[in-house]
Structures are given as structure tokens and as C-alpha cells.
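Two complexes are shown next, each including chain A; its partner changes from chain B in the first to chain C in the second.
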Partner chain A sequence: MAENGAKATVTLTIDGVEVTVPSGTRVIEAAEHVGVVVPRYCYHPGIPSRPAQCRMCLVEVEGRPKLEPSCTLQAADDMVVNTASDTARTARQSVIEFLLVNHPLDCPICDAAGQCMLQDYAYVTNQLESRVDEPKRIMGRDRISDDILYFADRCVICTRCVRFMRDVAEDDSLIVAQRGDKAYIDTFPGRELDNPFQGNIVDVCPVGALVHEDFVFKARSWDMDATASVCPGCPTGCNVTIDTKENQIVRVKPRHNAAVNSWWMCDYGRNHLVMTNRGVRAEVPLIRDGGGDGDRGDLRPVDWATALDWVAEKIAALGSPGGSAVVSPDASNENLFYVRRLLDRLAVADATFQVEQGETAELPTVPTLKLRADRAANVAGAGIFGGRRVDALRNGAAADGSAGGGSAGRALVVLDDLLEGAPDDFGASAGFFLYVGTRLPGAARNADAVLPIATFAEMDGTFTNFEGRVQRFHQALRPPGLARPGWMVLSRVLARLGDGEAVNDVRTAFERMAAEAPPFAGLTWDGIGLKGAPAAEANR
Partner chain B sequence: MPGDVKVVERPRAESSYVRAAAKGMSITMRHLLSPNKKTQQYPDEKWELAPRTRGTHRMAVHEDGRAKCVACGLCPTVCPVNCIKLVPAEDENGERYAAIYEIDEFRCIFCGYCQEVCPVEAIHLGVHYENAEYSRERWVYDLERLVEQEHPVTALWDPQDPASQ
Partner chain C sequence: MSRRIHPAVVGAQPFQLTARETFDGPIFETAEGKHRLEAALSRYPTKQAALLPMLGFVQSVKGWIEPADMVEVAEALDLTPAYVHSIATFYTMYSKHPVGRHFVQVCTNISCHLNRAEEVLRGFLAETGTREGEISEDGEFTVIEAECLGACGFATVVQVNDRYLEDVTPERVPEIVAGLRGSRDGGSEAGDGA
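Up next, the complex of A and B:
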């Protein structure tokens, strides 16, 4: 950006604090280095264009006659910027007052209330209403796409949504229609907003003008708990924030990570994640210990201690029978690690997994962000822990020997795979069929034991994304019934077999995995932090 | 019978109840005739309550009978004892309304914060004290019941001087 290119950095003073930034940095970004967040509407760090049209980020620069918009003003040597001078503050107050000429004060029913930049700046500037007496313009609401509502009255025409679509998604279907106080956001005549990344326009909206239909009137911002997580929709592993209310996921927002998803995420991931915890769940451990009418008895619910003791006893009695396993590419690294240890103990070398396929989508300007064809979060992790990818489950079923008929006495372990398309007698002939899963599909009815585990949203753990980046996710929900994290359950089975200790927290589980699985060598739970860290190259 | 009971012989004038009864009746008669009566004939006559009395709730309604509540969620947020349950929803006109609105009057401490915080002056405390129910469940007032209440609403502030200046 620097015209002469001679100097790499510039040093300027912002609000009395001297700061050195790379040359070409805008003043609004330099101010963040000294902890000053200049109010802004049209500026968004993820959108390259800077129209400087909202006039909210005006700052005073010593020696210049007029206020300058800090989002376009390049930081220069010896510049003395004052973001909170009387002139700057009055200008900001005036901008708010002008916006409040038409912005309805319907905060009580607005979904952005509490997370609204107009509300925040109105309080900061103490400009809570406009002096204009004329009635406010009323435009009503509109459906801008099949799942996004547009409340035109609340819109401050910052054009972030239009510019996101145009500059980032390279899809110019959104426009600002009309001018002045009649301006509103609309789709270009004859075109529809139908982009796999359009959900991001709701996130960039600084007020409550754009609202996702699924979220409308669902939850007030202060009722929600935000949890840092990772999207499980595909191996990209977009960093997200899960907003929950009363143990339900109500909204998913992308979380900034420059190495993965920048500021964005795709609509598939958004919708997938909200739906991920619905459905009938396995809630209580089940074992088949000989009671009931069937030849082998019925599955009956028991408490954890009984179930774990019984499973450990069965495994100890089996010795090393060999056999087969089906793992889920949606399972966390820790779960896969503990399953691997259990399989090693049973001398099961072959673990298969299948990956559902789907449409792909790309965000043109962010090369790392892509909706990939694999619809599972941890395909790389499943591979690291010895999984063999297959196209259809019958290969896995065949591997368990049910086709060959020689499986009597051999083990079959399934980790959280729904076993779609499995035959009715799947695993029936196995010597010991252990089903460890979040749900209870029909194919699990032949299991000797079912251990209910938590989904990724109900526990802490890590996923390995498509390029081997290990990323942490955190517990957003309480697991249903007696379901517990897989690593917690499996470490207890192993502890009863004399292999290691029962693990109660994810940090220990992760560190045990890092100590024993070479791809994770050197990584620590704290070290990977909320942005993730690449696994060792050796794994790939 | 123990032999040491001491029987005290009192003069008749001292042991007679007639004198005491006459004294008591004279007090009764004096109050009966006094203009300064305090007794309230409760079910027939009722206490006049102060306008700021805080009693069980009442929901204000629009002219068409709909509750004024816009389900903003401020009253359950401000309620110090969590006695308000609110589930917002969208009606056929796309407007926000309370699909479920319940106040547990048994748990309520009648602080009046809900009335104070309400942006549309929908929920009010009532100038009302006659509450009796046969079951605890009946103390959870739903929206329909809150709308049906007819007692006057509490004035938390003077309408002429809302900021108490």
C-alpha cells in the first residue's frame, strides 16, 4: 500500500499513545492496536471495500482542517490522531441523531437488541433520540431470500451486506435501491439471492435489519450462552460460536480464524449445526447379559458402573479375538484415540468408516474456506487412528465376517456410526458386538452392549481438519440422560482392563493422546488454544 | 386428696363477677355509642387501598382484546425471583407476541420491577389483596387469567411527575 515502499512501518500517536504499525495500515485498525475501537458501521475487517459512507468513524487529525474517516485514512508518520476529541464526539453524536430520524425504537422486539451497534453507540454518545418531530418513515419488512428477513425500517444503509455479496462472495445480486431516506436493500430486479454463503449478511449487519428466519423472535441476546466451537459440517472445520438457550442451539455464528474460515461460514454448516443435536438419542447404557427371552437375552438398561464392569469383563474374557470395527468420521480425536486403544487390545486391525458426500461450494475470495464434499468433521482424524475409508457399509459388514460366517468369537466395535443400509443381522454373529454411540439406530439392536456417548456439542474435544489442523471445541449443551463423552467412557473400560487411568477431563485425554499418537506430538490443550494448531506433518 | 389445701374466704363483694361484668359492659356500651368507631365490617365494607399498593398482576389489553405484551423478555430478565415464564412467537401478521406468559404469584415478591421495566405498559401489579385458591397450581396465572383480572392497577409513579422530581 505504501506508495514509496521505502518504509515498512509508520509510527503515529492515537489518543496520546504512540503506536508503530505496518505502513498502509488504516487508522481505524491502528487504533485497535492501542485498544481504541473507533465506532463504525460500514467498515468491516473482512470486507475489502471501504466506502467511508457511514461517517461514524470520523476522527480528528492534528493539522487537518476537517475530520477524517479513519477507515480509509492511512496511518502516516508523526500523525497525531484524536478519536475522542469534542469535535469527533459531536460528529458521531450527530450521525446517531440522523440515523434515529427514521430508525424505529423497537428495541424490545428487535432480535439484535443487546448486540446492536446502533444501540451501543446511542448509549456511548448519549444520543438516545432524534430532535426531528416528523413521523418516522415506515417501510415494513420483506423477505430478501428464502431464509433471511429484511426489516427495512431498522436498516442504516451501511451496505455491508451488499458489499459482502459483491466483494467477498462475488455475487452482485444485492443492491441498494432508491436513494436518501427512501433507500433500502433489495435483490437486483429479476435476480434472487441464492448463494451458499448468504447467511453471512446477517452476521455483518450491525443492526437488526437482516435476521435469519429461524432465529426471528427466538431468543434475546442476553438469554443466550455463547460457546466457542468448530463446525462439524465438513472437513474445513470453520471456527464458530454456538449460541444456546435452555440447552438448545438457537444460532450459530462464524468465529474469526484467519487460517481457516476468515470471518465467514457457509449456510450448509449453519443449518447443519443447528439440526445436529435433534433426533432420538441413546441415553442409558444397555447390556445383554443373558436375561430375557431371546437366545442371547435382551438388551437391558443398567447404570454405568454395571455396564462398564460387564463390558470390561467380556473383553477380558475374549482376549485378542481379532475382528472388525466401524468408526465415525464425526467422532473427536480423543474418542477415536481411545477406540483405537480398545481395538488394539482386541487385536482388531481393520476399522472402516464411510463418509457421506454432498455438494461443494466455494467462497471465491477466501481460498481456505470451502464447503467440501465430505460431510464429516474429522475424516483426517479417523484416518490418523487407522481407519480405512470405504464407500458403503456392507464392506464393513463383510469385514466383520458376517458374510464369511467365520466370525464366531470375534469382536465388532462400532463408534457412533448410524450403520445406514446395514443388513438386519448386522453383527449378529459377532462374538462380541460393542456399540458406542450418540444415537440408537436399528442396526444396533444386535449389540451386546450399547454405551451412550455425547455429541460434539455436548463435550469438549478436538477435530483434525482437512489440512491436519487440530482445533478445539467446547461443551455447549448438557448431554441427555446418562450419555457421557466417549473418551470418558472408553478410558474407564480400558482402566478396568488395566490400561491407564479413568480420564475425567479433556485436557488429560488430549495430553494422553498427544503423548502416544505421533501426529499430535508436541501439542497441548492450552497450546492449541481457540484458533487451533497444525498437527505434525508425519500424519499425512 | 391432699390435706393442705388452703381455702381462702373472700368477701362476696370481691368474689362476685357482677361488678367486673358491669365494668366490661360499660366499656362496650361506651364504644358502641362513640362516634370514633374502628371496627370494619370486612366482607361488606372494604379497606381503601393506597394507589401504590402492590398486589397480584393484571395484563393490559388493546381495544380488540389482545394482550399488549410484545414478548420482549424484559420482565423475566429483571424479575429477581424468576417467577415469570415467557415464550415469544410470531403471529400471523409477523408480529411478536407471547405464546406462553405465566406468572407464579406464589413466588412473586411484588417488587414491581416488571411493571417498571415494561416498554409497552402491558404488565401491571394490581391494587388487590383478596387472593385465595384451593391449589397451588391455581397461583400460576397464565396470560388469559392475567387479562381477565379486573382490579385497578398499581400506580408506581405519579403520572404528573413520572421521574419523581
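Up next, the complex of A and C:
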């Protein structure tokens, strides 16, 4: 509390607890410092405008005649705030009672039930009976965009969605139409929202008024498991929460990280992630150990021990043949690290990767959040571990030329690339063709061994984002069949070759990587935490 | 389709110029439209501030405001159509539906109610053969119930387009309707003392 010009901090009392906060802090935020969450609808920390219109966050300030909205009230020295005094509670109860006058109370079929701020606050008021005799006004349902539905009767007109679009996305196409009890959220008649970040309006909705159509009626909030993860859609690496039910991803929501995505994420990432785990997967290890001289035999399914023993044996027999590799910018740092170890063992210097390209999109007011043209999470990581980026999407020549399918006796390793456009004989003449992947594309037909691995959603790991920030993601799903995390599989191959231990947990895998790969020096699994940390020199 | 000056607003509020032009095509490309837009813009610091006068102007030309007009206003003022829609629907005195040539608003608030406003309203509906808010078959009338028109000393008050008819009794309703039917130019010639 230095008195040099403008004071840097103020000290006030909230619910009997003294707290010192930077001056300019609003009371609603200061209250969070002492663990008091003042009920709110229109206030959202990520939306700059504060209309103070919902009247839920009214608090009593000693010495002031009227209740004040804590979302706009600046904390001041010696202020004594009561968030739960009788007056404040009564005012809040009245607001809830008004909101419930026309609310349909359709919680049993509402997607927000269990995660609804109206439900929560109404429950707290403990007013179980309505005093209203009149019929409720009924407004029905509308479509706000091709995948967002609006249930007007559930709406509390907090205008968070309108203000997200206007103030954060700077797209003034979502509005409040009409007024009073007839007010509803609308676009211009005959038009729909068309903004690459519009999905966030569903996340900011405090009730069940705005719902993603692909989530509607799909899961109750208490049936879902939430897992902290990172969006794999582009190198930005937005922090997300993956909601799963019965081993299916049913919903993805952004997770706050001030250094990366603030409170938001783009629609591409959201939809892409929900679809991540669809498609036919590689579920069982395959090896080609049949036939004798000349006849290569067929790929046949085997258990892990057999597959790993066989692969290690083959690699040991090969020695250091050189060759080539194709890696994936979707793979985790740990997977890429272990593949790099394997490639070093085989004396394969050249590893290429390709990155799918797409349209970009920016959120005007959040410069760190941008949908980037690269459609892969770990382009930086693929580069760190010696990958050479090839621009041309795989035509036969690039694949075959760089992959060395023609070099008899040499090794060919592919990590989770679908090898689109590869010729029929891709890798046919390689001395040893190892395919490690989540899926089993046709171009893997000539592989000598196929090791099925988990997708990022099925394991723990890290990605390095575009600015070298290393971010953790966690296992949200069980992998199908015998698929296992890539680092778990590859560490076992290497252990059989006398290189390190078989690793069962990601922490060990990460720590070995941090010890051996300079860009990750000094990082620890715990140190990264759920918000990520910058890699030492990963900037590219 | 040409946009004639809507009789609902001929001789409207004194501060407004009376539109005397036939409006074909985009409103703000006509001389009158340009003039109104420039006049409004010169009066306010931002383009957005001219929104209400411009919506009022459109209503004065057409009698009501349809979505296509909102798009035109939005383009003229660098706003989004959605925002214009929001404002136009917030204010109930912008008509979002077509109305008849004579737009009859019967006040039914306290003073008028005590002076048989409900009977007056029923009388207008019966005489014009409409239900509330409808346009009569001949396109002459739309009758609605209005909240307080601010002339409680002269209850019952009826507003026909921009003119007030005061001390209206149910007995006078047929005469008023007949007078309006005969009038050529909207409410300005109807009734007495208005």
C-alpha cells in the first residue's frame, strides 16, 4: 500500500475476510480471491462489457443505501462487502423468482441440467413453489446457425452470447429482438450466424438456451467424464475439456488458458475433435513372419509380446541399414521422441512429414487465438525430432523417393501417416517396413509389421504448440482392441534392443525425453501442469 | 412496385418534412432519401445515432418497416441488418407488419377505460369489420388497442394515424369511421377539432 501517486492495491473486506487486490479490480473478482463466487449471469470474465443487467450479483456495501452490482463495482479501500446478507439474498431470490415466471422448468429434458446456473441458484433460494397463477408465455425454439439451436423459453436474456459475438468476435449479427418478457435472441430474419468462432456462444450460455445440435439430447451432464486435453486441430493448441460418455467423445469445451486461447476455441477445432476418434482403427499387432525364402507370407495378427519380440529381432538383425521414415505432425512429443530413438538405432537420418492445410481464422480481440493453416497439433514437435517438412502432399514420387521404398535392404518406418496417394508397391522393396499407426491404410499393405497405437485422446502426452509451448493432454478414452500409446510400444521395442527401460507411464516417458532432448531440458511433467510451459528453444 | 408516401404519415410530426416523392427502388437513392439521410447524419456524431430517424423515415414512406428496409437502413448507416432488426423490434411504434390506410389506435388505459374505451374499441372493430391488428378488406383500416396516449383529460382518446380524436364516445364511432372512409388523405381530415 505504497502512497506514491496512484495506489497499486486496495484492501477491502468481503464476507468478513480481508483481501488485498490490484486497484481497479471489480468486487465480483475480488470476492473470488477469498473463495466467494457471487452468483452471476451477465458477467463473464472473458467478455469485456459489463452491462450489470441481470441483477444477480447485487451485494450489500456497508454505508451505502442500496445494493450494488458487484460486477461493475470497483473495489476500494475500507469497503465492507456482504455478498450473502439478508438484503442481498432477498434481492437475488426476487431475480430468480422473476426469471422462473416464464421458465418452462423442463430440466428433465434440458441439456444444461446439472450444469445450469439457473437451476443451481434457484435451488439455493429454496423456494419450491411458484406464486404465479398466470399461464407462462411460450416462445419455442429457433435455429441460430447450422449447428446451434436456441430454446427461447429457457433464456434469461443475460446477453452473454450477443456480447461475445459483438465484443469478442466483433461480428454484430446476433442480437436481442423485442423487449421485456417478449425479448429473445435472434439473428436477422432469414440469416444464420456464420462465424468461425460462434460455437463459444453455447459455452457462455449460463442456462440451456443455446445448445449445439450435435450434442442435443445426447448426454446428461452427470453421465459425462471431463478430461483436460489440448485441441489437436492446429498448432495453436487451445486448451480444452473433452466430455466423454461410454467411451465416446460427446462434447468439447474450451478450457481457460490466458497464454493460449483465453476462454475460447474455434468451431473447426471443436468439430474436428469430436470426430477424432471415428473411423476404422488398427486394433491388433500384425507381423509378416510366414513363408520362407522369397515368399514374404501374409500379415497375421499376434499378441503384443510376440510382435515386439519379432520386431526387435528383425531390427537387431538389420543392424544399421539406413533408410527413411515418414512421421506424423499429429503425434505426441513422446511418440516422436521414441521414434527418433528407433530411427537413430537404424541409422535412418531422413524423416519427412507432411501437414494438411486448411483455411485460417482469427478471433479479432484475442491475438494468441488463431486457427492456423497447418492442420496438425505438433508440427513443432515433429521438427524438433528431426523431421523434414515436405510441402507437396504425397504424390507417389515424393513418398517413394523420400521413403526409399526402392532401396532394398534398408529400413522404412512410418509413424501414423495415412500415406494417401502412395503407390501400390509402397515400401515393397524395403528391407524392413515398420508401420506404427492408429489406423491401417491400404499403403501399409507391404509392411512387415504393424503396431497399433492410441490416438492422443486415448493416452497421456504432450504437444509442442506453434510458439514452442509444451502442453499436456490426458487420456479421455480407452484405446480400441490392443492399441496402446506409441511411447509405451516403442519403449518396449527399444528395451528389447537394450536401449532404456520399458515405460508404463507417461511421466517416465516424458522425463526421459526431457533428459535427452535439449529443447525439453528442465521441463518436468508436474512443472508443465495443466497450463503448459514454454520449451527451452523450440521456437521455429 | 412503387413506394407511395404512406397516408399514415402525411402531415406527420411538424419537425419532419413531408415526403412528397414516389419511391421506386432503394429508398436512400432517391433525392428525398438522400436528403433525409444527409440531414440526419449532419445532426449526430455517429452514423449509428441516425438509426431511429431513418427507421422513422422509412415508416413514413411505407407505413411499415419490412426486413428488406432494415437491410437498406443498415447499409446506409454501416450497421449490421441484425442490429437494425434489434432496434426496430425493440420499439413497438415501428410497425413490423403492414397496416391499413387509417391506423386507428384506441387508448384503453385508466381514464379512457373509465370513459367506455372498451366499447369504443369494440365499436371501431365492428364498424370496420376487422379483428384487432388486421387490415380491413378494403385496405382502409387497422384498429389496435393502445396504451396511454397521454391525453387523459380528453378520454376516450383515439389516435388515427398522427391525429388525436378526443372525447370519443361509442356513439360517435360510426360517424368517425364513415368520415375516414370518405377522406382522401388519411387522418388529417377526419373528425372534429383534431
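Operating definition for what follows: the second predicted complex is superposed on the first by the 508 of 540 C-alpha atoms of A that agree within 3 Å, B and C clash if a C-alpha of one lies under 4 Å from a C-alpha of the other, contacts with A are read in each partner's own complex, and residues count from 1 in each chain.
The rule we apply is simple: contacts are C-beta pairs under 8 Å (C-beta built on N, C-alpha and C of every residue); 3 or more make two chains touch, one makes a residue touch a chain.
Remember, predicted model here, so these are calculated numbers, not experimental data.
With both structures placed on the common chain, the touch criterion links A:505 to neither chain B nor chain C.
When the two structures are aligned on the shared chain, A:141 is found in touch with chain B, with no touch to chain C.
By the touch criterion defined above, A:170 lies against neither chain B nor chain C after alignment on the C-alpha atoms of chain A. By the touch criterion defined above, A:109 lies against chain B but remains apart from chain C after alignment on the C-alpha atoms of chain A.
Once chain A of one complex is fitted onto chain A of the other, the partner contacts of A:222 are limited to chain B, with no touch recorded for chain C.
By the touch criterion defined above, A:179 reaches chain C but does not reach chain B. Contact residues of chain C toward chain A in the complex are 67, 70-71, 79-83, 85-86, 89-90.
On the side of chain A, the complex with chain B involves touching residues 107-109, 113, 141, 216-218, 220, 222-223. Chain A meets chain C in the complex at residues 172-179, 186-191.
Remark: chain B residues 70-74, 77, 88-90, 94-96, 119-120 touch chain A in the complex.
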